Amino acid sequence: MSDLDRFIDTFLNGAVLARYAPDILRGVWVTVELSVLIVIAGTALGTLLACIRAYRIAPVSFLIVVYADVFRALPPLVLILLAYFGLPNVGVSLSSFAVLFAILCLTLGAFAEEIVWAGITATDRGQWEAARPTGLGFTQTLVHVVLPQAVRMVIPPLTNRAIAITKMTALGTVIGVPDILNQATTAQSFSGNASPLTLAAVAYVVLFLPFVILSRWLESRFAWRKI
Amino acid sequence: MSKTIMSPAATSPTAAQAGAAPAVARPTLELIGLRKSFGAIEVLRDVSLRVARSEMVFVLGRSGSGKSTMLRCCNRLEEPDAGEILLEGERITGRGVNLDRVRRRIGMVFQNFNLYPHLDARRNVTLALRKVLGQSREEADARAAEALARVGLADRADSYPAQLSGGQQQRVAIARAIALEPAVMLFDEPTSALDPELVGDVLAVMRELKQDGMTMLVVSHEMAFAREAADRVVFMAEGRIVEEGPPEQIFTSPRHESTRAFLSRYSFGQ
Amino acid sequence: MDQLIQQFFNWDIMMRAWPMLLRGLGMTLLICAAVIPLGLLGGLLAALASTSARPWLRWPGMALVDLFRALPPLVLLIFVYAGLPFAGIRLSPFAAVTVAFFLNNSAYYGEIFRAGLISVGQGQTDAARSTGLTARQTLIHVVLPQATRNVLPDLISNTVEVVKLTSIASVVSMGELLHAADLARSVTYNASPLTMAAGIYLLMLWPVVRLLSRYQRQIAV
């Protein structure tokens, strides 16, 4: 067997790929489902908290800041293990899927809150001052005037962060979420062949590369608009 | 003073006296048949120009006439498509020329100063002295002090560019260039980014440089200064030099139509 | 409530786990000391390639950066650690972590450095080259100091992410902080060692996160 043959046999073995492709496809579905849920819930949570913070009620703002800081400073895997292994002993039993969703949603929420908040504070003071005398209330100004501008400003950093955090769904493997990576490592140990891992890597690239390219495009567009 | 590069211009002020100095045997800077295109647009079409030692040549023309491109070709920040450039008789275009050695003999001052914002005035001047000429810290500092004194900023050596006015920044930029004792200085619209009240200081420094015998090629819209200080004025239009001569002649009896149109617009402006 | 404290904040168990966690922390710091400088260096090279004027350098540079930004680091790590041995390349956990992090970090630091390089105007290069500085001297003394300063908050923020990411080394039994805590959890049947690990991460990273928020980096670049 030539080196190339051996390489193909090890990493791109047709028989192994065909045998385990359906499993990995099921994993793709789980990863996609989780990713979509996390992005929607996490961004919504972060935006909501940033808006609440705009009312500048000191104790509430303080709690939001503490939450955002903690979830930005802690590795998600630590929180995943803590929730997955700790909570059942105090009577809270969550599925591994639920734990992964909850932790990553809270993590994205923390980052999104900081990013959207930065967008709100960066929006020109003049916008507030211009809107209020027209009879718009605080909430109306926030929702109809400030937030739309802030959101446009924060889309590039938010996209980057959302990609980074949805990629972390692979951490679910550790607690047995049947995502792409989990299916692949299982298949790899059954087949004694690295091809499932190759397939998993390809699946991730196919899933995420369009978004990486999108974020690059958004960033260049954003930079252009700033000038 | 350093022995590495001695510019005759900087050290022998009487070399060629002001006035319409005809090109002496060997011009300090000579452009022969320069051509340059950006894509389909021909920016320079066969430009030839000689700048004699200690001569101050002013280049006028509308924006887009190719003035700045010509200037940037002189030290090959822009690569000419065809033509030759000679510096003190030595060809500096084409392959096999050590550009870094050439460039330190050609000082350049930019419209936007381009000072290094992360370095103070002294280190803006000393960076090339130390890295290019390999001077010691003491040598370089002494030379920088001298150069900053020449532009009237001896007391601002420790200031960062952000702490200086536009005029002061441009003077530091001039000090950065003259510290290398170049054979010729290129000025690319040195005053157009300045507030009107700061223009005078920069022009005063240029006037002094000229008195010290510096060879200068200047792209600028400072007509009054050109009339008073330049030895020769060159007018460019559509990538060509259409007219050149002593300032009095160009300003009072321009021959070429585009020169006339240009000057009438400017005298209205004043 | 008691149960909660017993399960997550058990002082006795924490005290027993402390020596293990301390060794784990040492390993975490060791990993950081290896992967952060390597990632910065790789990122700088990636940024230089992807901003190069030469297309044969720029396109592969950008493609590699995008590829490794699309792959989850854990997938990369498992591929290197569990996949490569099939090809006869057997790496120690530490080497596997270093290789996987090098590829991932280089891509992320690379994007940041790229933004930094672009933020320094052409005029700076023109000015430097006009005084006779070589391309390399211009990069080192003029462009890089400004580029780095312009994206410093993002570099720091990414470094926080790298430190957090070292926790995935536990998956290949690296014996770093999280792995040590999880081992302690599995022998004590109590989550307190994990709480403690979380506390240590918080102590290390919270000040940095707070500082970054002050500078509102997200919008700045």
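Note that the chains are named A, B and C in the order they appear, and that numbering of residues resets to 1 at the start of each chain.
The rule is short, and it goes like this: a contact is a pair of C-beta atoms (placed from the backbone, for glycine too) under 8 Å apart; a residue touches a chain by one contact, two chains touch by 3 or more.
On a predicted model such as this, the values are computed, not experimentally measured, just so you know.
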Q | A-C against B-C, pair bridged by the larger set of C-beta contacts | A | A-C
Q: Name the chain whose C-alpha centroid is most distant from the C-alpha centroid of chain C.
A: B
Q) Which chain has its C-alpha centre closest to the mean of all protein C-alpha atoms shown? A) C
Q) What whole-number Å value describes the gap between the mean CA coordinates of chain A and chain B? A) 55
**Q.** Euclidean distance of C-alpha centroids - chain A vs chain C, Å
**A.** 18
(Q) Just the number, please: Cα centre separation of chain B and chain C in whole Å. (A) 47
Q: Using the touch definition up top, name the residues of chain A that touch chain C in the complex.
A: 6-7, 10-11, 65, 69-70, 72-79, 81-82, 85-86, 89-91, 114-115, 118-119, 121-122, 153-154, 157, 163-164, 167-171, 173-174, 180-181, 185, 188, 193-194, 197-198, 200-201, 204-205, 207-209, 211-213, 216, 219, 223
Q. Residues of chain B touching chain C in their complex?
A. 72, 75, 77, 100-104, 106-108, 110, 112, 114-118, 127-128, 131-132, 173, 176-177, 180
**Q.** Touching residues on chain C, where the partner in the complex is chain B
**A.** 121, 123-124, 126-134, 137, 141-142, 145-146, 149
Q: Would you pull the chain C residues touching chain A in the complex into a rising list?
A: 3-4, 7-8, 66-67, 69-76, 78-79, 82-84, 86-87, 115, 118, 160-161, 164-168, 170-171, 178, 181-182, 185, 189-191, 194-195, 197-198, 201-202, 205-206, 208-210, 213, 216-219
